[in-house]
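So, here's a batch of structures to check.
Each of the next two complexes has chain A plus one other chain: chain B in the first, chain C in the second.
Up next is the complex of A and B:
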């Protein structure tokens, strides 16, 4: 497929590129226009893919969201913005968004404290630094589905290892059915995600730390700044680009989270929707879930929610980037 | 935080040797502890993949009493790994190759900003990064059905190629734009066609970027769960992550098989990571930061 497209591409280019000067004026002018647009031949094959599998679905998705289509059948009658109104006035949307927000804030704090601290330790270049870094980044490579299974196993009350481990340390009272206790399910999902995303914080902060010129830290030292002051007054402000990137990355990641929740607590965000997030809500609205009556399952409604989330995320991340960038300049 | 403080004057060799020793010891202790927290669950899962059903309940931690190697042989047949593993490899390789190649063409085409439409098209491609999969997946589902691609690997490969483009364009276009004009003009004077310039001059210079893009897209394509969950129902068209999840629905107690499948699905990407640790770390970070 790809090769075909490429060879289609090659022919007109060969004409437009070579022996232009020898042709008569009209042809030369045509050649000139062809040459002016020649670069578009390179864009075309990718653009076709992009239009067919991205732009077209996005536009038709918007069109579908304005109808009452359920996902099966041909009832495409136009209902305007009703799906959007229903979505925005239904509380499951806010409940799910609230869970996303909790996850975002918790993981953000974790990344900027634990992640930064470990990055600082690695930046001191201890022996085996490469080994540590390789290990700590490993979970980022592992899929969220695999992460979910690993931790389902670790946390399971029947076959897991966490509870027996706590019991053997005399901490049996801390043993819980982690993923089915309504109070613990969400914190547990967050903890599992921390395990998975720690590598990002370490790599991003480490890159930031390594780009700081040593002279600056030394100069501060000569001026009599102690270690604490050197870190917070000199090093940390210089890390603000890393801070921005990591914050935005975490924001996008946490508001799009789906796989790991699906694997750990299922498409209905059990127990009792305590771990329901926007991703699972959209999935359920489109394809159903055990607790949904068939009235609630509407493809058009699901797309409407996805659109709302998309717009909200685009707005918030733009603001986030703008605010954080301004902070970088000040610093 | 005291450790941080002690860590900074590391390069002053005269300052209190004992303190430095203690700090370095504490640092190693911490890093080893964190490494264990990262590695332990992975190791435990590998052990679990060799356990029989009885072992899971009778002997939750500790080595398997009798190593159930047949978890793997049975995963290969019963959990359809024999189908989904080659599927995952084919889908990832084709999509990475297609997407990286097309993105490099686009990057070359758009690298000269003064050309008509260059900036507009670049913005169009890059804004694709913002589009969440959830928004396009349902129309995509319908489209793939109409195209008759359902049940084939093309139902995954073609969308993956398109979804990989924004990142590829984002990473590669600046690199292509930074190639000195003189190089291109020299080739033009020598009578090279645009294709030849792309092939002989630009492509070799894009190589580090191409590796980044390939890793970046390869990792998510290998691990992608949501798209195949929606568009691939049967093992014949599934990749491993979804294959494992749908297998669970069928035999919910066969944990040994599940973990054997998870281990198989994880090995290739971890091996690739260990072989090219540096490229993975820098490639993924660069992509994440720009995204």
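Up next is the complex of A and C:
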């Protein structure tokens, strides 16, 4: 009997009208269910990891943001949504977000112009192309903290090399206190970031360019299209996936930025908050501007700001992806 | 032969691991976080002295830049992973950690009777000794380069008028009058404390804490005006100059004056062993008295979860004893231990002399004025850039004062 059942279970699914014995219905249903959801077993470890290190901290953070916890001690008395109301009605939040927006737009334009231009040149496979690509990607590999320290030293009007270099080239009128001048500090931070992220734009666009079938470009050439027309009417539309990826990554990166700004201009976004971004605002609220101002920390308030930023970024990212996906063309 | 060698190696490894395990069992290891990487050499020597006298104790010191210490320490405390010994900001922070049971109550366990009255007062928060100022205290005044002043025939200023005159004279000769790294707002905050203290003095500061005096009083607003007026005397790019860079610039003689503390001198010497400086109280608002401010350096607490509370408390007791205090005053900063004076440090002797005229406790050690420091940090640059008037600046600082009832 057991052998008969075993042989029935091992039998293939029967087709209607055939002589092959069919497995019992319950066994067939279990098998079908198991096959349908088998992939979940492979997803489970990652899902557990995601829940433990992303979902659980987010829920805990939200719970803490409803209290008046400073970050030290165990005074968690409930204050409801007061932290969120305070954050949404405070000028520093919007000022910081505005700076993030400026940085995003400026760096995005830079990446989609300079980055694309260089990628197109490299795609033509000039001599020493691999060397150029490596050199251009090097700033991406350097940590943001190291980048900030290097540029802080180079830009210093007292011990830096930028101003003496400009003076030696007869461009002394361009020498400035780059990180102290309220009009120049933010553009300087943007310039440093452009230097750091250019390599990403080149690599992403280069990958996109190399996936475009050459026949399409050749066909356009045979039809009489000049260089600019071939690029604008054929190549650029096919780079839409790269455009989307770069735009969304830049948006997330620029609204999350913290370390490079902190190193370049300090915890209070010097001078006079002209370079204050959401990251430094959150850090300052959570830990104070220095060890001597640690009595002024408000960890729960900082978490509220972080959650507001998270939700806003999630909404905007979703809209960005949907809008940009519509213009993508399958090659 | 091969089998014999393999067995011998295995037995040897087993014996070595057993020996190290039993050795580790005997030795007490205390972890310690400190916020002055520039003092590491000096602190290592102090610790080595203790370990020499207590061979069963090993102290693992980690130096963390002050700007990052609060973030790491608060996070570690919340996670229950703080070291055995660490320094917390005096005032509400220590009180909150004590109330939460995160630090041991050292009342009656550490004998602080050998400390100065100011240090004993600082150790006591709401009737408990939660922390003890172990690495002495620091007094903040005005450092000046002896050679630059001598070469230009100038004397250290005592008031605002003299300071501005010195500033103009030095600028005319191409010398940067004052190094003031203002990027994080710390130096401007200390400058304001001394300028306002030159008007208030110790009694007036006590009245500020009880609400009898205000930072918006006309005579105190002059301190804010003074702070705004001296901005042109700072080095190029001061608003973007980090604290560490500023100290290095002064050490290398790139500026004539620097507002600094006794605790900074060790760092100057580390950068430039040939540095030749003098110290005076910071020049007063006209009509006031030149002032210094003094704070407790590194008030250490003991983690309530430490596995070695007795050893940790013993180490703290030793640190405020005469032997350690003498090492501190000779290599790092001023001492809180009564009867300890610098044995071979003329600059520290000058700092002690400077503090005898009009010394006020640093404002951030008091709950009533603890937030004023952060308020200065965040508004000083607007004052320098004339985007805020001295009156508006003073009003913002007064809004951060939380007066307590008069005693």
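Assume the second predicted complex is superposed on the first by the 266 of 331 C-alpha atoms of A that agree within 3 Å, B and C clash if a C-alpha of one lies under 4 Å from a C-alpha of the other, contacts with A are read in each partner's own complex, and residues count from 1 in each chain.
Here is the rule we go by: a contact is a pair of C-beta atoms (placed from the backbone, for glycine too) under 8 Å apart; a residue touches a chain by one contact, two chains touch by 3 or more.
Remember, predicted model here, so these are calculated numbers, not experimental data.
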First, second, both or neither for A:299, with chain B first and chain C second: both
Which of chain B and chain C A:272 touches, first, second, both or neither: second
Which superposed partner A:158 touches (first chain B, second chain C, both, neither): both
Per-residue contact with chain A, leading partner among chain C and chain B: B
Chain B versus chain C as contact partner of A:73, first or second or both or neither: second
Which of chain B and chain C A:286 touches, first, second, both or neither: both
Contacts of A:179 with chain B and chain C, given as first, second, both or neither: second
Chain B versus chain C as contact partner of A:119, first or second or both or neither: neither
Shared chain A surface residues [contacts with chain B and with chain C]: 71, 158-159, 283, 286-287, 299
Complex contacts: residues of chain B adjacent to chain A: 1, 3-11, 24, 27-28, 30-31, 34-35, 37-39, 41-42, 44-45, 48, 56-57, 60-61, 97-98, 101-103, 105-106, 108-110, 112, 115-118, 121, 124-125, 128, 130-132, 134-140, 142-143, 158-159, 161-163, 165, 169, 191-195, 198, 219, 222-223, 225-226, 230, 241, 244-245, 255, 258-259, 262, 265-266, 269-270, 273-274, 277, 280-281, 284-285, 288-289, 291
Contact footprint of chain B on chain A as seen in their complex: 1-2, 6, 9-10, 13-14, 16-18, 36-43, 45-47, 49-50, 52-54, 56-58, 60-61, 64, 71, 117-118, 120-127, 130, 132-146, 149-151, 153-154, 158-161, 164-165, 195, 198, 200, 203-204, 207, 214, 217, 221, 226-228, 230-231, 245, 249, 252, 256, 258-259, 262-263, 279, 282-283, 286-287, 299, 302-303, 306-307, 309-310, 313-314
Chain A to chain C touching residues, read off their complex: 70-75, 152, 155-159, 177-180, 182, 185, 265-268, 270-273, 283, 286-297, 299
Of chain C, residues touching chain A in the complex: 35, 66-67, 69-71, 74, 77-78, 88-89, 91-93, 95-97, 99-102, 182-186, 189, 235-242, 245, 249, 254, 362, 364, 367, 370-371, 373-374, 377-378, 381-382, 385, 387
